[in-house]
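Labels for the chains are A, B, C and D, by order of writing; each one numbers its residues from 1.
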């Protein structure tokens, strides 16, 4: 394992110290329980947005804390969902009378830990709602399983709901918006290489030099299938097809196309992917009116990409264009 | 070689098509000769900033084209400097009466091709100045060699000179500013893994599992020395020491600390690096008043980092804070 | 032995810190196959945090020992196993409030209540390839048969848990991260079932140290 | 043969497209050792672009052939070798303006003028471990010795170029990307010196096809 770390025990804390040192104007970092909050939190007359999850997906979630996006983020150990006391402390620190929304990615651990946290917070009289994001079409949805995983749509939901909260909308409205974003978004990813969890020290999975993992999860969970590596264009077809089939995208629908890097894939390749994805969307009669290209929800140093398609409407487009000022996403400020 | 590409011949063109599709409001892309220009170019009463270099360093330079930064960028083949006709065409497309500044990284090929281009452009009566960036302390400077390489300072110079040009300053002033930025900046990088040039298909250099390349160039040029991989903190000491020794940074100097990712290193590791670099700068009595953390000048999928330290003053700080709107760098707009 | 004292329970809880440190890599490797390669690390992080908490404890009744362990796991582990094992001990604590020792029957009541908590939280059914598959038969085996000794019952439970964990290998996971694999989860032992088996075995070995 | 016709020069320039396609990987591997692994690709890209340009050419005087090749290289290659080889042919064109054939003496004038252009642009001195190290002795060897044949002189130049390229191996690079390596550039052949040797050899072989 080759990484720029000191030892696997301290990876998360030291990365937090780095963020704290880098963005003093934007964020404050609290330690055990660990959470990142807006420097100006609690913000008056605003629903507080709290998210969190295992570390190793940077910039998500900590990089999205700031005006127009999250009020707080709770980083767990690498690939391990955070503990209830983190969300409990974070929510208490940033929430006002308008209450708090927990944006939770659909993983058993995340759901259960946020659930316990929400109970603790409610017990103290703070109104809390939770929305579980599950946009990964690589996983068959079914009541018999843990259901779909939450991936790329999380980033979009945090931006859009952040704008709505900044807008002063009430908790129920922000919650419903978050559900709508999740319902209108679909994602799928693939990996060319595995990632290596620092405390494990060896790749999570072995991928032969000529194979790829299609439908991989952001924790290196194996996906739909192993396949021989094919050209970028063929790979993009493989990802777009289930996305387009799963959601009833209609001709002339306006969409946001999000081409995400998994951490080890350079931008030059993401542009090659974007080019083909936009072409396929167009072929399907969709209008790509907004986009996002870059490593926003990563899986440590995994090489690969994920594509997220979000059906837009006037409201969502306006919210997407709203100002945001966070370490990782910035516009209009 | 595992990459999200179709074939090595088309990597640059297809990436350009992707950028063109992704940022229609910000940039226009011209093909053979290839260059990226501001969507609103030529901009009246403004010195035009043109840079360029081999591809494979994305987002540099194309990602820095836009208001407050570059007017045009000329991408060569991967790791190969662009040809004079590209800079010739780009300069003619974006330059007005105030003339153009060519920002050139100090590599023999870049310098010679920009030189030939400048001659062509001057022959057509457009005033052109060139500044060669050479901030890499890994290379011994000497008139007997090609001299230092241009690395991280290029990104900072493009931002700062972009702001000065937007300010309406004359060519000579922008040129002198660029020279000053170069004179006040020093960089050094290291690699944990090699990169693989698409048309070569195998790693540029072989690095054993327990070794790193200290002082590596952004084209995978071998650096000062091979060494056993050590902890992130020790690595940062290795990079900061020559940087601090080379430039007479004085106690209480205000500096901009730029921690750059080489392409394959995830953000979580860059924050661990930033944490230590800021600590060392502080130990040296410097005030880190501005910073930049992320993959801005990369070397394909190479894992590693580079650190750039720029001595600030009131003027540079104001220019750094000025609005910028490009695909890769955005603030205030 | 007809009943188990709170000091034996404490010894067990302390023993678990070593057990999950020893089996850290083994459990993590299992999780790497069908999950995200952290179960061993999660268990070790959680259970090594318990002894210091017990040192500080004044009320050493079984209920208090279980509740303290529960809160420690919930606040230290994260992931799926944290809330689940946390809930197991939290619910196990109820029937043991203030008790300084437990009869086998009472011990069964505690663990059954713990398992019910796990099932309510995780919604896993038997055969879903989770820790529930190991805990259910283990606790069934723990129930006193024609008045045999606590040692015998615990040995029986440990064996049942071990066999049940092995029996998760051919199953398709229907809960947790492994469920994303569908068919591809077949052929691998469930990490949580394995850790549950170790948990029960550790109690048996605390009561009857292995020869 | 006492002089070389423009059609032989054209044949040589066309031949170079195959030569640098064949030696693409070899030159790139050399560049990978002390540079950035693109010299072979650069040379192949540049010289394969020349034949189509020659097809379209009306004035096929040697000067015109050289000038067209020069502009093609400058606009197609990039890197250090593009401007350098481009300049070589651009300056070589001057003494050949309008000429339909060159005596050995005139050929030497052209190449000497080309080399001067390379040195003026690149500022490389002999021994700096660049293409100049191969071209200088090659052109020296090309100069007519007691009136021997053009074939003999070209064969001599080719051998000199080859040996000079090999002789760059022990040198420390002082120009170009390889100079960043300092001491570590010792022990590797300079890619540009190697491509220059191939360039001269190709001319000799155009004039005297290898048996």
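Please note the rule applied: a residue touches a chain if its C-beta (ideal position, glycine included) is under 8 Å from a C-beta of that chain, and two chains touch if they have at least 3 such contacts.
Quick caveat: nothing in here was measured; it's all calculated off a predicted structure.
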Leaving out chain B, the still-touching groups: A, C | D
| item | value |
| --- | --- |
| Those chains which touch chain D and also touch chain C | none |
| Intercentroid distance (Cα basis), chain D paired with chain B, Å | 32 |
| Centroid spacing, where centroids are CA-atom means, of chain A and chain B in whole angstrom | 29 |
| Whole-Å gap between the CA centroids of chain A and chain D | 55 |
| Interface hub residues of chain B, defined as touching at least two other chains | none |
| Residues of chain C whose C-beta touches two or more other chains | none |
| Overall pattern in which the protein chains touch one another (line/ring/star/complete/other) | line |
| Chain B residues touching chain A - in the complex, by the definition given at the top | 2-7, 11, 14-19, 21-22, 55-56, 58-59, 63, 192-193, 209, 212, 229, 231-233, 235, 263-275, 278, 288, 291, 293, 295, 298, 300-301, 303-305, 330-333 |
| Residues of chain C defined as touching chain A within the complex | 28, 32, 34-38, 41-42, 45, 74-84, 121-122, 173-177, 179-182, 184 |
| Residue ranges of chain A touching chain C (in the complex, touch as defined) | 33, 54, 76-85, 107-109, 112-113, 115-116, 138-140, 144-146, 149, 197, 199-200, 204-205, 217, 219-223 |
